[in-house]
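Sharing a structure here in structure tokens format.
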Amino acid sequence: MTPAEETATPRELKLMSRSTYVKEAALKNLFLLCATMAVAGVVLIFLFVGWRGWPVFSEVGLARFLGGAEWLPTAGAFGILPLLVGSLVVTLGALALGAPLAIGAAVFLSEIAPPRVRSFVRPAVELLAGVPSVVYGFFGLLVIRPLVADVTGGLGFGPLTAWLILAIMIVPTIATLTEDALGSVPEGIREASYAMGATTWQTIWRVLLPAAKIGIIDAVILGMGRAIGETMAVLMVVGNAPVFFRGIGKPISTLTSQIVMDMPYASGVHRTALFGLAIILFLISMGLVALVRALSRFREETR
Amino acid sequence: MREGFRKELKDLKATVLAIGHDIVDVTRDAVRSLVEGDVDLAERVIEGDSDIDARCLGVEERSLEIIATQFPVARDLRLLHSLSYIAMHFERMGDLGVNIAKAARRTAGRQGPQTLYDLIQAQGNLVQRVLQAMLEALEKNDLETSRKLQELDEPIDHLFKQFFRELARLQEEEDIEWGSSMVLASRYLERIADHAVDIGERITYMVTGQFASCEDDEA
Amino acid sequence: MSEALDCPSPGVPSADGEVKITVRDLDFHYGDFHALTGISCDIKARSVTAFIGPSGCGKSTFLRCLNRMNDLIPGTRVDGTVLLDGQDVYGPGVDPVDLRRRVGMIFQQPNPFPMSIYDNVAYGPRLHGVKKRSELDDIVRMSLERANLWKEVKDILDRGGLTLSGGQQQRLCIARVLAVQPDVLLMDEPCSAIDPTSVQKIEDLMAELKSSVTIIIVTHNMQQAARVSDETAFFLQEQAGEPAILVEFGRTAEIFTSPKDKRTEDYITGRFG
Amino acid sequence: MKRDAKNLTNAAALAVFWLAGLTTVVVLGAVIGYVLVNGVGEIGLEFIFTNPHGVNAEGGIWPTIVATLYVTGLAMLIVTPVAVLAAVYLAEYAVQGRLVRTIRFAADTLASVPSIVMGLFGLALFVESMGFGFSVISGALALSFLMLPIVMRTTEEAIRAVPKYIRWGSYGLGASKWQTVSRVVLPAAASRIITGIILSAGRAVGETAVVIFTMGTMINLPVLPTDPGRSMTVHLYQLAMEGINMPAAFGTALLLMAMVLAFNLSARWLLRRNRRMQG
Amino acid sequence: NGGRQHAADQVIVTGSTTVQPIAEVSKEGFEKAHPGIHVLVSGVGSSAGIENVIAGTSDIGTSSRDLKGDEAKHGLVDTPIAYDAIAVIVNPSNPVNGLTKEQVKAIFQGRITNWKEVGGPDMEIGVVNRDEASGTREAFSKIVLDKERFDPTAVILPGTGQVRSVVAQAPSAIGYISLGFVTPEVKALAIDGVAPSEEAVVSGAYPISRVLHFFTKGEPTGLVKEFVAYVLSPDVQDRVVREAGFIPVTARGDGL
Amino acid sequence: MSEALDCPSPGVPSADGEVKITVRDLDFHYGDFHALTGISCDIKARSVTAFIGPSGCGKSTFLRCLNRMNDLIPGTRVDGTVLLDGQDVYGPGVDPVDLRRRVGMIFQQPNPFPMSIYDNVAYGPRLHGVKKRSELDDIVRMSLERANLWKEVKDILDRGGLTLSGGQQQRLCIARVLAVQPDVLLMDEPCSAIDPTSVQKIEDLMAELKSSVTIIIVTHNMQQAARVSDETAFFLQEQAGEPAILVEFGRTAEIFTSPKDKRTEDYITGRFG
Amino acid sequence: MREGFRKELKDLKATVLAIGHDIVDVTRDAVRSLVEGDVDLAERVIEGDSDIDARCLGVEERSLEIIATQFPVARDLRLLHSLSYIAMHFERMGDLGVNIAKAARRTAGRQGPQTLYDLIQAQGNLVQRVLQAMLEALEKNDLETSRKLQELDEPIDHLFKQFFRELARLQEEEDIEWGSSMVLASRYLERIADHAVDIGERITYMVTGQFASCEDDEA
């Protein structure tokens, strides 16, 4: 270590060894292989689900499948329009209820809650995400549905119950992502706004929410993805009548719940139609992802 | 661009230049009071000195403050450092002017030979020229002029030596106190010019960053 | 319910030495932690005052006491008096929101809002109710001019504030604060996150602004404190855990050539640590 | 006057936000409380460790617990190496380009595939085409596709959160890329990676639609990976829909939630401990 | 046996949720009697059970309905294991105590939508239907609706117990479940004036009744045969079947 | 296979002015961007050389050319010669990994590995094959002693490196580099992220280390460059888009009292921008 | 703790003190050469001056370099600034010593009255005491001693005036050149002491940061 000792180890610049080079390259390719597993997954899903679903497109025909107004497999009617509408109704309603609640909760968490309150509200939000969807369905079935029945009359199966349950289910998704978006708004900006004589509300409304806007839109879209794809909870409360939306207390059915309902006994074209539903769900969620990515690219560009 | 700082530097230099101009006046008045035996003028020169001293001290203080707060380097630092040295020279030059005025006070009423008065007056005039040149060099950062100061100083030394010899020649006629006072006055004038030459060297350093070793040559 | 602080007409230059902020016996607590004790000082109007001291000695804390930004941190307590133009800013019914408008603040990180340059500057006036576009236009232009930024941005007012360079962003933040016509500008290490040439510009800007605004700057850079300020305050926490005190307060030139307190001298000559 | 209006708006807005925040807590409390109150009486050693029996599925739920843990553990084993190495590639080796964009897009897509689609995919590929039948291995494989993007993303974030300066430090000491990754970067990111895996496992435990179509619904104590089984979620679903043995349903729901909570809490604990150690 | 190869020590039973309790309790008894043997039971609905046994993924398909359509072509062997009656249930608070078969049909086809049309209070009828996988639904459809279409807007629930609990909670609801599942929470209606009871079923007076089946692919052999035999043994028939609320296959024989 | 280049015995203290690194006509490109041109200079052994210049003028780039850290950025190109003890570091087949061991580097952000203090320091030696615990112990202790950190950490060697304060972390990083016995220490703004008292300690440490190691420091802080270095190099990119050049290189005291080049004088006196 | 920097400050102060001790020697030797008419000694004093000049210039240069690179403030800055001023005083004092030596060279061989030689010697001794005290004050930052310098200086002025009177009294017997040279030598001694007093004031400033306005009083 001392200068005197250094003389003992003559220094020369070493040359690169070939084995190091080969090892590094091999490792890199292994990692690349693993990384492509995600791509493989998507391709496999598309291929296998698509393969099973293909007959419905060829035998029933795309128009009758997508455009048919009646889902009556035993009668050979495979129109998924009521199911599409059902999914849409359930999703949009859940978003309308859940997104404001989630964004409000996120704002509350990141801007308003005193630390002690935050320290139990935030875990609560995260734990909401952890509750299995069957438990939500269970809860919805036994607790929410009777309440809804009291309000709407009828049996309580239908969009309203599904909305309430789904709204709760998407709160954590939207709230955590919104909180992230708000959290990535630099602290200084808040201080600056307060220091200019803005109230908390003015700061939130005029600075923070606009600043986090795209992040929040992302969050809502992802929440939408979650709502569209949700199966078990919806199945348990929505009533499962494959008909068009007729009212918030009247049963309808969705793409996801219909698959689970029919899968146990479906055979033949009926079975392929269910795979067809799955592929449509797959395409929808992929579209939403593409939308989010386009948005974040937009955000980067406008930075 | 550190504009506040640059302005301060400029102001300080202007202050030093102003003191320099006052020194020119002091020298001129001191010589006049000596040659014309004008005691009032001499008193005024003596009185004015404390003001010059204070202003010189002020320059040094300010220069130090600027160094302490603005952390100048390179030419800025050389300027500040030089200004405070030059102010110190000015203070000394002012003191020498006062000494001449005091000599005037001492010798007033006692007439010496006109030649000697003429010599002193001539020396005083030459010193004025050196001082003017020095101030011009300082104002314009003019290396040419500042280098010429040494040349201008030579006849002054010369005159002092001539004065010394002249006085020795005339010794019988005059009282020695008068003579000594006059020798000293001539000596003071010579030293004022020497200070001006030193300042010239400072100016060279200030502009170029090169120290010319200051060879003094007082006797 | 809340009382607006009286506003002296800010255009008239103050007599030299007029006091803008008076602090008497200020103590500050973060919950149990006693951060500052017995701070008293007079901040002169239309001058630059620098706060220096080792890290963690409470410079920022004190600064934030002056515009009640500390109110936003739960569990803090202020004792003592802070007078702004003679009025107690902690007095009953004083609206901190209004106070903060009068006592602007600039932070270490330039923090433009993620909106256009124009909207950044117009933010404050809009908050306080200015709606007319022509009026806003005027305010924006004048504020940017005062912040020496107008020339650089006058053609790109609708570009995002974040597209500017760090130094420009900081000047934008200054313009944004100037737009609400503060009497006092608190700057908490405004230059420590930006490049040296921009630091220069901001220091020059401070020199210009001080003819109309009272500026207080916290800085770790003693050289900067020395360069920009007229008066300097030296804070020190002598023992870990103890509250910090104001050791010396005086003319900057004096503090840096011949401070009165040995601790000040030791700190500025680098004999600490 | 105007200022009062401003303060009033402010106060009203804040009240709304408080309401939003507290609503989530109340909802969570209601769900947990409801399940807890109704289910806690059911849970006991017998409930956990015995098989269901009787017309009304009396007794315990042991096989479903085993099946759940079995399929989740197997899925974790499958997914961890692949996901971690994939994340290493993305974070350390990949240069921004079409390949990486494609991989990321695929991962995001995979993450958002509805679980029912994943279930049908597992049915089509593993159960039927590959002939694994309804079995733990089919379930684990399908679940591992579900977990892959989650673990990949959290691992990549964990790796990226390791400051670049730390890498430079290692290179600057004369380390090769693999040495840097394996000795500095991965250990530094380890606890966050583990946290990610645990969280995704929690998600797998709570998953229903995937396992119902890949592992089957039979109450069976799986031993071999090729054995079928019924997960707790499926059990709960069936009990709930049959409505024949609600106490058991509540008990199952409670146990299921306890398990998911345990996963979540242990992940949070790990993360906090890690933050404390590095803080 | 076509289809997939089962382990030699397994019997896989899938199908009707109605038959589920019988199958499960039988499984316990059978496994106790035959250590090392596993009987795997899952309730996925009658159609699924039949589908599975045809596909060979199950050994026994349980069903609460007869084979229909194509299903008959696969050479399945039917073993009746019990009788069941389908009770039409309403909430106990509902003043209606009986309906005609025609009224029931009209209600489930959505032609009668208010209780007042059948002598009840002015209240919209909440129809609860079963899923298409359900053998109960199949039987109900055959017996009551003459295979005509159900009202498609009715709530569909995938389990018997769920139907019961919904009806138990909702004053306006009407549904149908196996007689064996009827509890005091719900009220079973008299159909055409006959209240559902074992006697009425056995006597044939109650119009909505059916047979529960085990289907196997070909004659049962080996373990499967033993399991079927066990289910038909008096032990199961008299104890389990009755406990589960069904009527043993032996009962009618006895009764006749 | 490895080429034995001549190696001057580095233990002997060099005669004043011995050259450690010779750079001749160095040009550097980031893809299409020409970052540096025509850089030639001699870095003296066992001295501190400071690189100063405006932001973006290529100081870090040049520094990283000296230990080939730039190799890690794809698409870069180096022309010209860099000799370390007379050996061309860009010579064919030279292993940059080994070069980096000899030419250690310290960064702006202290970057201890998230492992114990001991393991941090032992990391380098372990990489290069030292396994014996006693040997490692010695290296760790000596390196920490050289970095003036031993006293502070000797009882907490198994605590995480990240639990130290910023300044201690930076010294830990220095110890870590010293453990692989570098001849040269490149420091890229090593003090700009740490508090002033720690800066002091690191500056003192540099003064001590330069008796055995050649130190090059990039700093934005001209005062720091002036304080710590024996020689100073001033880099400048005269026009945006043009490559940067080395304007002046000389004794620090001279550069700061009377630089030869007017651009240097303008830069250090703050007349830029 | 900026140890390198502190060491440099200490070194520079030591250098200045060493020059100060040399000045003491120069003064002593110059006076001796004058009183004893030792031309060799005088020559040696004259030769040695360029070394002192160079060293003084070195102090100023170094001080400036330190100011430029270390950015000292407060007491450090005052120290550096003062050291460079003191070095300048020393340079002047060395020059004055040389002037005395030159006077010695001029007057060597010409004997004057012993009284005057005694007076010069006495004055030289007093100057030695002032210089010693000044060096002590500088070394120890001793305000007490530095304040006493003014007191110590008074008898020297006094001696100069006495010398002047004595010379006037004796004027008949001596040639005026010898007399003038001796007057100047006495004057030089007095000025050396004045410089020491100035240095004393510098020391006060250096320690306290307070400028005592330097009232000069040369005639």
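Some points to look at:
Going in written order, the chains are labelled A, B, C, D, E, F and G, and every chain counts its residues from 1.
Assume a residue touches a chain if its C-beta (ideal position, glycine included) is under 8 Å from a C-beta of that chain, and two chains touch if they have at least 3 such contacts.
These figures come from a predicted structure and were not determined experimentally.
Counted as hops between touching chains, the shortest connection from chain B to chain E is 3. Taken together, chain B and chain F share the touching chains C, G. Chain pairs A-C and A-D differ in how many C-beta pairs they share in contact, with the greater number at A-D.
For the pair chain C and chain G, the distance between C-alpha centroids works out to 52 Å. Centroids of chain A and chain G (each the mean of its C-alpha atoms) stand 91 Å apart. Between chain D and chain F the centroid-to-centroid distance comes to 47 Å (mean Cα coordinates, whole Å). Centroids built from CA atoms put chain E at 81 Å from chain C.
The set of chain G residues touching two or more other chains comprises 1-2, 5, 64, 68, 71, 73-74, 77-78.
Counting only residues that touch two or more partner chains, chain E has 44, 157-158, 162. Along chain D, residues 6-7, 176, 240-241 each make contact with two or more other chains.
Touching chain B in their complex are the following residues of chain G: 50, 53-54, 57, 60-61, 64, 67-68, 71, 73-74, 77-78, 81, 85, 88, 91-92, 95-96, 98-99, 102-103, 164, 167-168, 171, 175-177, 179-180, 183-184, 187, 211, 213-216, 218-219.
Touching chain B in their complex are the following residues of chain F: 222-223, 226, 256-259, 265, 268-271, 273. On chain D, the positions that touch chain E within their shared complex are 52-57, 133-134, 216-220, 228, 230, 238, 240-244, 246.
Of all residues in chain E, only 4, 12, 14, 17, 20-22, 24-25, 28, 38, 40-44, 57, 157-165, 240, 243-244 touch chain D in the complex they form. Across the complex, chain B is touched by residues 200, 203-204, 207, 223, 226-227, 252-253, 256-257 of chain C.
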